Every structure is written in C-alpha cells, then in structure tokens.
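Look at the two complexes coming up: subunit A is in both, with subunit B in one and subunit C in the other.
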Partner chain A sequence: MISSYAMLVLFSVIALFPVWQVVSISLRPGNKLLSTDLEFIPSNPSLKSFVTLLTERDFLIWMGNSALISIAVTITGVAIASMAGYGFSRFRFPGKNMGLLSLLTTQMFPATMLLLPMYIMLIKLGLINTYVGAIVMYSATALPFCIWTMKGYYDTIPTSLEEAARIDGCSQFAAFYRIILPLAAPALVITALFSFMTAWSEYVVAAQILQDSSLWTLPLGLKSFEASMSTEWGLYGAASLMVMIPVVILFLTLSRWLVSGLTLGSVKG
Partner chain B sequence: MASVRLENLKKNYEGGKSVVNNVNVDIDDKEFVVFVGPSGCGKSTTLRMIAGLEDVTEGNVFIDGRLVNELPPKDRDIAMVFQNYALYPHMTVFDNIAFGLKLRGFPKPEVMKRVHEAASILGIEELLDRKPKALSGGQRQRAAIGRAIVRKPKVFLFDEPLSNLDAKLRVQMRTEISRLHQRLETTMIYVTHDQTEAMTMGDKIVVMKDGYVQQIAEPLELYNHPRNKFVAGFIGSPAMNFFEGAIVGATALIFREQQGAFKLSIPREKSRKLRGYAGKTVVLGLRPEHIYRGSLKGLKGAKVSVDVQVVEPMGNEIYVYFSFGKNGKQHTARFDATTMPSAGKRLEVLFDTSKAHFFDQETEMVI
Partner chain C sequence: MKQNRSFIGFLVIPAFVILAAVVFYPFVYNVVLSFANMNLYKIYDWHLIGFKQYVKIFTEPSQPSFYSVLSRTLVWTFANVFFHVVIGVSLALVLNQNLKGRSLFRTMLILPWAIPQYIVALTWRGMFNYEYGAINLVITKYLSLPAVEWLKDPVNAFIACIITNVWLGFPFMMVIALGALQSIPHELYEAAEIDGAKWYHKLRTITLPLIRPVMIPAITLGVIWTFNNLNIVWLVSNAGEPSDNTHILVSFVYKAAFNYYSFSYAAALSMIIFMILLTFSLVFMKSSRATQAAY
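Coming up: the complex of A and B.
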C-alpha cells in the first residue's frame, strides 16, 4: 500500500515539476530568466510577463485564431465521425471493411511525411494561408481515429434500442439522434477532445499553412518569442500557461460525460 | 384491431442462406397466435418481417388487409416487446412509455392520461420517475409492455419477452399477458421457444422448424393430433417417447419393438391406417402420461417390463426414466406420486395403446 502511494507521488512529481517550472519562469523578473536554481517561488515574483503578453503582443488574436480553428475542427470531427462511425457500425455495404482498414492505415504515416503532398494540394485548392485550409487539414488528420472510436462505441449499444425506436415512430435517422447519440456521449466527448487538441496545440502543419501573422495560431505565436539572438522566456512561460487554461476548462467541463454504464438497464445484461 | 396475413413468406440472407420458407399463416382479428419452435427455426425472423425490421425476400405481409412489405415499422401501427426489454436507458419509465405518443404529436394531457392508464394496468405507477437501471427484471419487462400498450396499436408483437425472467416471474407474467389480451382484445403475435408458454397462452399455435411451418392448430388439437413426429416431440413436457418397431400380423396387427423389448396389439381403430405398413418399420409415439404403473388395477393396455434408471419426484407426480436393458435408449413415464419406484429395479408398466401415435419412419408424418 505504502509503496504504491510512493510510486504515485513519484510520478506525480515527475509530471508536475515541468509545469511548475513554467509557472516559476512566468513569474520571474527579467534579470532572473535564465536562473538554474530550483527555488519554488522566485524571489521578487512579478506578473509583468502576463501584462506584456496581453497588452503589447498579439496574444489575444492568436488565441482567437486557435479557438476559431479548433472549434471548427471539433464540430466537423464530431459531426462527421458520429455519423460515419454509426454507418460503419450498423450497416452492411460494399467496401465496409476496406474503408475501415484504409482509415486505420492513414494513422500509420507520420504527419511530417504528409506535409509536402498536403502543401501542394492546398496550393492547388487555393487554401494556403486560410483558416479553411487549416480546418480541412486538422479535420482530415483527426477523423480516422474519431471514426474508429465512435464505431467501437456504437458496437456496444444494442441494436434493439433503435429497433424499438423505429417501431415507436422514429425514422432510422431519428432513432440515431434521439436514442443512440445521447447514449454515445462518452465517445462523443473523447472525439471532441481529440479533435480540439489536434488543432489547438499543433505547430508543424500550422507553420506550413498559416504564413500571414494575422492568421497565426497560439503555437506559431509562441514560437515568435524565440528570436535569433534571444528568447523572451518570461512571455513564453506566461503564454504557455494561458494556452493551458481553455484546455483545462474544456476537460473539466466535458469530464462529467466521461462515465461508463450509460446503457445500463436498457437490455438484460 | 386487425388481422394479419402471411402469404408465401420467404427470407434469405446474404449468400442465399434460407431462414424462412413459404410461411402461410392467417391470423384473425383479436387472436393470440404463438409461433413456437427451437432456436434457429425462423420464428423470430418471421416476427421481425411482420414488424418491418427485416426485409421480405419473397411473399407478402398484410396487416388489416393492407400490403405492408414496403412500409417502415413506424407506419405499420404495431408495437413490439423485445426479449431484452430494449428500454431507452437515458429516459425515465414515464418518458419510455410516452416516447411513441410524443413522436406522434399527442397533446400533453392525453400523453399523461394514457401513460398513467398503462402504468396502472401494469402496476408500475410508482416507478414512473425511475430510470430503467433502477428496476428489477420483471419491472423492466412491465415497462416495456407499457410502452407497447400505450399507443393502442393494431397488432402487438412479442419476441420471447419472458425468456430473461426467472421461472416464478415467468409464470406470473405469462398470466398477466394473457389477461392483458383479454382486456385489450387486440391481435397479438407471440414468439417463444417454450412450448408451455405456447400451450398456455395461444388461441392458435404455429410450430416451426428449419424455416418451415410444421403445423398450425389450437393447443389441444396440436397435443392430441400432431401432424408429424417433430410436433409430437416438441409439444408436451416431458416430451413424447418414440419407439421404432415393425408392424406384423395379418388380421390382428401387432407392433414389435425393434430390439424385441415388447410387443403390443394395435387397437382396431388404428389398424385400418396401419395395414399398409405391415412388414415395415414405423415409429410408435407415446406420451409419458399414457404409460401407467402396472400395479394399478382396472387399466387396459399392453404390459411391458422396463428397467428404471432415474426417479424424479416433482411433488404432485413423479417422472420415471426407464430403458430396455441397462444401456438402452432412455424413455420417460409420468406417474402419480403415490409410491416411488426404485431406481435400478425392473418395473411392470402399461402402455395405453389407445393413446398411441404412429409415424412413418421415412417421412415422419403421422399415419
């Protein structure tokens, strides 16, 4: 018992220490940014980096861009994956297995390998340097995993529930959104979080697509603090913390849906 | 209220596997019809075709005289109770029952009235605010039945609704469904693999095997006059005993058991039909209740000596499992629980030949 607690404490420290370091860096006054001592709270802590970030830099624009793109990717991901997953779970059609396998295969290529063909494709479509270009790319990247997640979850929901709904007066689609979709809430939350995170903290793809600084997302903006001669570590730390806040709120809000046993009682178990 | 007619109904799955073949059944208005048969006989598939949950490969389904082959389930004016209840887990019992009414745009006061009416019939009024997971098996099945009756559909379909309940509850729900039928006076189609349910509930029983209808008849007709060996063996519990043997004799016909274990005279009323089988092998079918203890006086029949293997006291009666010789095929007799025969001993019994059924060995049809 004690040893398991000790292990948990050890891993918690390993996980939390870097976060604390970022907090510490964001609070350091300018002359102590490169300090290597391990003090928990720096001497003369200051919120100056936060003030500068919000008043003198384009941080809020980047956050707006990130939010716009991430929300669009989340909505697209959830909408398409919830329906595609349902189709793969419930219907028999030619190419079903091939389709599922193809989706899985796309996950086996590293994203960087896809950069060049993606870049060429977006230029031809006139989508380079647009929000739509980024949204399309992120959605395409997130969808295979999301579809598999949704399909796997739908497989666990008994088909007799839809059949009962269809007899009660639902069309096939109404049975899906009135009965099955509410029961798939945990999978929808996973899909939403995954889609959101795919766009929110992504750098490499964004760097190729969004070249105009007015379109930059947060990771691109943060990178701009890194100049050739010096890096603004205080701003870097402060911005990193601010980037975390919406994600933490999102996780906390959605976590209440991440529960098991939603279908309990529906059928003889 | 409606009649249902199945006309040359067929169902083939992908790859040509045939599960329902040429099913022709006429179900009258207000009739309680039970489809019964072993697993995989096509009874549930037939029900699902009536419901519109399975496409019809060939043939027609008529509800109230209207061809419904192409109609979606929601437009057939039917209600179905599923084996696994299929309650909507995210809704309360009230919402589960009201769901169909709300979808059909019933006004709120009417929804309230009907839901409470259905709940009171089923005795679940105090459970209306609960979610399905907070209900017992029997309560869930009642809620599922409530969902079906609240819409007052033309036809009720039941797909093995009692299979998941324990034995005591099953008997209770069986009578409740029968009472419901009398009260609602609606056409009901009930699928089960349990012949006791079929016998006790159905006005008419459709016995199926391997996708084919074996016999359609009233319960007692089915019991007393089975059309073939399958129906004879399937209906009745414990199942009918079968003995293979030859018909011998010229004037007075005699059935001689294949291994020579016993011989019995064939009653005159059965001789006429069996005459053509003289010298051939036939199957004799005798129900366990038509085998009597030999010590009972005043009974007529053929005396047979059997080896008792196992004796099962049921309280009001005893089942005696016997064979001819230690390793012979096992048969069953059903006696009043007066005295217990001893296992391992020989016992004199009487076969009531007037109640015997004879089947053609090849076609298995009754002779």
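Coming up: the complex of A and C.
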C-alpha cells in the first residue's frame, strides 16, 4: 500500500513539475525572468506578462485562428468517423477490408508523406496561407485514427442491442442513432478530443501552411516568443498557461470517459 | 445483420470520398515525386528520373548520414516505447486498486497527455537550459552533482529529447492499460484466490494475458507514433541542433523538404520510412498473433 502511494506521489510530482515551471515563469516580475531560484511562487509575483500578452501582442488573433481551425476539424472528425466506424463495424460491403487496411496503413505515414505533396498542391492551387489548407491537412491526419477508434468501440457493443431495438420497431437508422450512438459516447469523446487536439496543438504542419502572421495559430505564436534573439520567457509562460488551461480542463473533465465500461451490464438481465 | 445498401452508403461513402481526396491522392503524388527530380526551383518543370533519389539516399554520403540517422531513430523508438509501456502499465496496476485519492492521482498522471506537445517540448527545452533551466538547478542544488550541458552536446541533447518524450507518452499507455484492466471480470481473481494464487500468479496468468490483446495494438501504434514523432525532436533540439546531430528520420526529412527544399529527395525518404514501418507492423502483429496461441 505504502509503495503504491510512494509510486503515485513520485510520478505525480514528475507529471506536475513542468506545469509548475510554466506557472512560476508566467508570474515572475520582469527583472527576475532569468532567476536561478526554484521558488514555487516567485517573490513579488506579477501579472504583467499576461497584460502585455493580451494587450500588446496578437495572442487573441492566434487563439481565434486556432479555435476556428480546431472546431472545424473536430466537427468533420466526429461526424464522419461516427458514421463510417459504424458501417465498418456492422456491415459487409465491397472494399471494406481494403478500406480498413488502408486506414491502418495511413498511421504509418511519416508527417511529411502527406504534408509535402499537399504543400506542393496547395501552392499550385493558391491555398497556401489559408484556413482551408490547414483544416484539410488536419482532417486528413485525424480521420483515419478516429474511424478506427469508433469502429473498435462499436465492435464491443453487442449486436443484440440493435436486434432488440429492431424487434421493438426501430428503423435501422434509429437503432444506430438512438441506441448505439449514445452507448458509444466514450469513443465519441475520445474522437472529438483527438481531432481537436490534432489541430489545437500542431506545430510542424502549421509552420509550413500558415506563413502569414495574421493566420498564425497558437503554436506558431508561442514558438515566435522562443525564436527571437532572446526568449521572452514571461510571455511564453503566460501564453502557454492560457493555451493549456482550456485543453487541460476539457481533458480532465472528460477523463472519466476515457476509461469507462459503459457497455458492461447493458445486455445483462 | 441485415444488409441495407443505401444505409451502408450513407455511413461510409463520405469517409471514402474525403480520404480519397486528402489521403490517397497525396500518397500517390508522393510516390511519383520520389521518382522525380523536383525541388523548389523545378516545381513546374520536373521529370521522372527513376530510382536515382533512392540510390542517392543509400549510397551518397550526406551530413548526417542516412545510417546514423536510422540507428538513432531505432534507439529513440525503442527507448521511448519501452519506458512508456513499463511506466504506463505499472501505474495502471497501482491505480486499479482500491486506493483513497485514486481519481485525483489519475487526473494528475494524465496531465502530460493533456498538455499540447509543442508546449511540452518548448517548456522542456527551457528547463534544459544550462544556466537557468530547472533540471540543472535541481541537479546542482538538491543532488549536488555537476550541471549537465544538455543542449550543446549531441548525445545529451538526444537524451533530453527522449526524457521529454517519455514524460509526455506514458499517460497514453496508462489509460489504455487501465481500461483493459477494468474490463477483466472480478470472478477470475476470486476464483484464482480460492485456488490459493499469489499476486504474481494472478498478474502473470490473468492480468497480463488479458490486457495483452489491448496492449499489442497500442504498442504497435506507440512504436509508429514515436518513430514518426517530429514535434519533440524538432522543437527540443531546435531543428536538429547541435549541427543536425540529433535528427531522427522524420525530422531529417522535414528539414530536407522545408529547409533545403529538396522535394523529391524528401519524398523518397518518406517512402523509406513508410516501408520500414509497414514491414515492422506486419511482422509484429503477425508474430504477436502467433504467440497468442500460447495462452
């Protein structure tokens, strides 16, 4: 028991350490940015970095760009994957095995495999430096995994549920939409989170496609604090904190769905 | 289940259309590119040159050489996935007990996964700073050891990348393992206890075999993701510093494509990475299915 707690505490400290670093840096007053103290909260904490970030920098523009792109990718991901996953899980149709296999295969593509051809295509189509370019790239990255996750989850839901619903007079669509989809909520949540995070936290694709600084997403903006001759640590800390908070809250609120045995017992009795 | 063509079409055709346009077509284009001579200056004026790019990769000396990058990639992948699985499964086993504060611990332990990767990378890069970074401060102040030059030495910079990636990757394996553990019926353990089984018997004969079907695909995915993880190496080592000595294959390709604009060379390298991973996955999934019969 004690060793269990010791292990949990140790790893929790390791997990929290970098987060605490970011918090601490964001609160440092301007003259102590390069401090060599490991204080939990710096002495004379200051919110100046946050104020500068919100009033003098393009932070809100980056956030708007990121939100727009991420939401578009999430909607595409969840809508397409929840349907296609069900099709792959429950029905036989020509091209099914090929389709499943190629979904898996895309997971083995290095990032450049799609990025480079797409980059050249986007240049030729004049879509470089547009939201559409980024949304298309991220959807292409996220969709195969989302479909695969949904399919895997539907596979664990017994078909007897739909059969029962059909006997009770449900149409095929209603059986899917009203019985199975709600049961697949944990997988839907994972799919949504995954699609959202794919776009929200992506740097290397954005760096090539969104070159105009008015289109920058948060990762490009944050990197720019680090890239200048001397890193603007205070602004970086404040910005990372504000980027992290919504994602982390989302993640933690939904984390119980991540591990959940919702189907357990729904067929029993 | 009863077949209904229009319903099936409604479900899967949108996915097929989108994937054809944004995945299949670029893939074919990449294959063509890898046999051509395109770069930034020949973007409209390129032609096929056969296997020359591939020959160039395998035989022409480059800085860094293909083989050194390949072996670094293998070390990178193995070290990361090994620690992800060991730490993740151990924590899942601990969390699966009836402990006080279990959900609080789980929440804290998922945190590294919840934080966007690029922030993780940039933050750790800051923490590895020689003078002001938290890692060296902890090493010198609390452990009384000499400070480590993390980012200027090729080996240390590479280790720094691995540490960062281990940190961010273990929660995924933990969550997957925890899910698998929770689906194991309690009756099995009760039956084993009646038969007088010790904890390690239960671990070896019930727990591990039963989480195996879930862990094998997760590990396969983990290997692929790690092999292809561009963010961490690119951002922690700041594009391969010192002097392109920390690259793994995928960051090397990215640099070839977008810093040197050798499009066809990069396309050929992408193909090689893809082939390596495809071979690995086929062999790994097949051999793990073969050994599964042992249980």
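Keep this in mind: the second predicted complex is superposed on the first by the 240 of 269 C-alpha atoms of A that agree within 3 Å, B and C clash if a C-alpha of one lies under 4 Å from a C-alpha of the other, contacts with A are read in each partner's own complex, and residues count from 1 in each chain.
Basically, contacts are C-beta pairs under 8 Å (C-beta built on N, C-alpha and C of every residue); 3 or more make two chains touch, one makes a residue touch a chain.
Here the structure is a predicted model, which means the values were calculated and not measured.
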Which of subunit B and subunit C A:L161 touches, first, second, both or neither: first
Contacts of A:G99 with subunit B and subunit C, given as first, second, both or neither: second
Which of subunit B and subunit C A:L16 touches, first, second, both or neither: second
Touched subunit A residues, subunit B compared with subunit C: C
Partner chain(s) touched by A:I179 [first = subunit B, second = subunit C, both, neither]: first
Touching partner for A:F59 - first (subunit B), second (subunit C), both, neither: neither
Contacts of A:M7 with subunit B and subunit C, given as first, second, both or neither: second
Common ground on subunit A, meaning residues reached by subunit C in one complex and by subunit B in the other: 92, 163, 261, 264
Interface residues, subunit B side, partner subunit A - complex: 14, 51-53, 72-74, 78-80, 82-90, 99-100, 103-104, 131-135, 137, 140, 147, 151, 164
Contact set on subunit C toward subunit A in their complex: 1-4, 7-8, 10-12, 14-16, 18-19, 22-27, 29-30, 33, 38, 43, 87, 90-91, 94-95, 97, 99, 103, 105-120, 122-127, 131-132, 134, 137-138, 141, 167, 171, 175, 178-179, 182-183, 221, 224-225, 228, 230-231, 234-235, 249-250, 253-254, 257-258, 263, 266-267, 269-271, 273-274, 277-278, 281
Subunit A residues touching subunit B - in the complex, by the definition given at the top: 92, 158, 160-161, 163-171, 174, 179, 182-183, 261-268
Subunit C partner contacts - residues on subunit A that touch it in the complex: 1, 4-5, 7-8, 11-12, 14-19, 21-22, 25, 34-36, 38, 76, 80-81, 83-84, 86-88, 90-93, 95, 99, 102-121, 123-124, 136-137, 139-140, 143-144, 147, 159, 162-163, 172-173, 197, 200-204, 207-208, 219, 222-223, 226, 231, 233, 236, 240, 243-244, 247-248, 251-252, 255-256, 258-261, 264
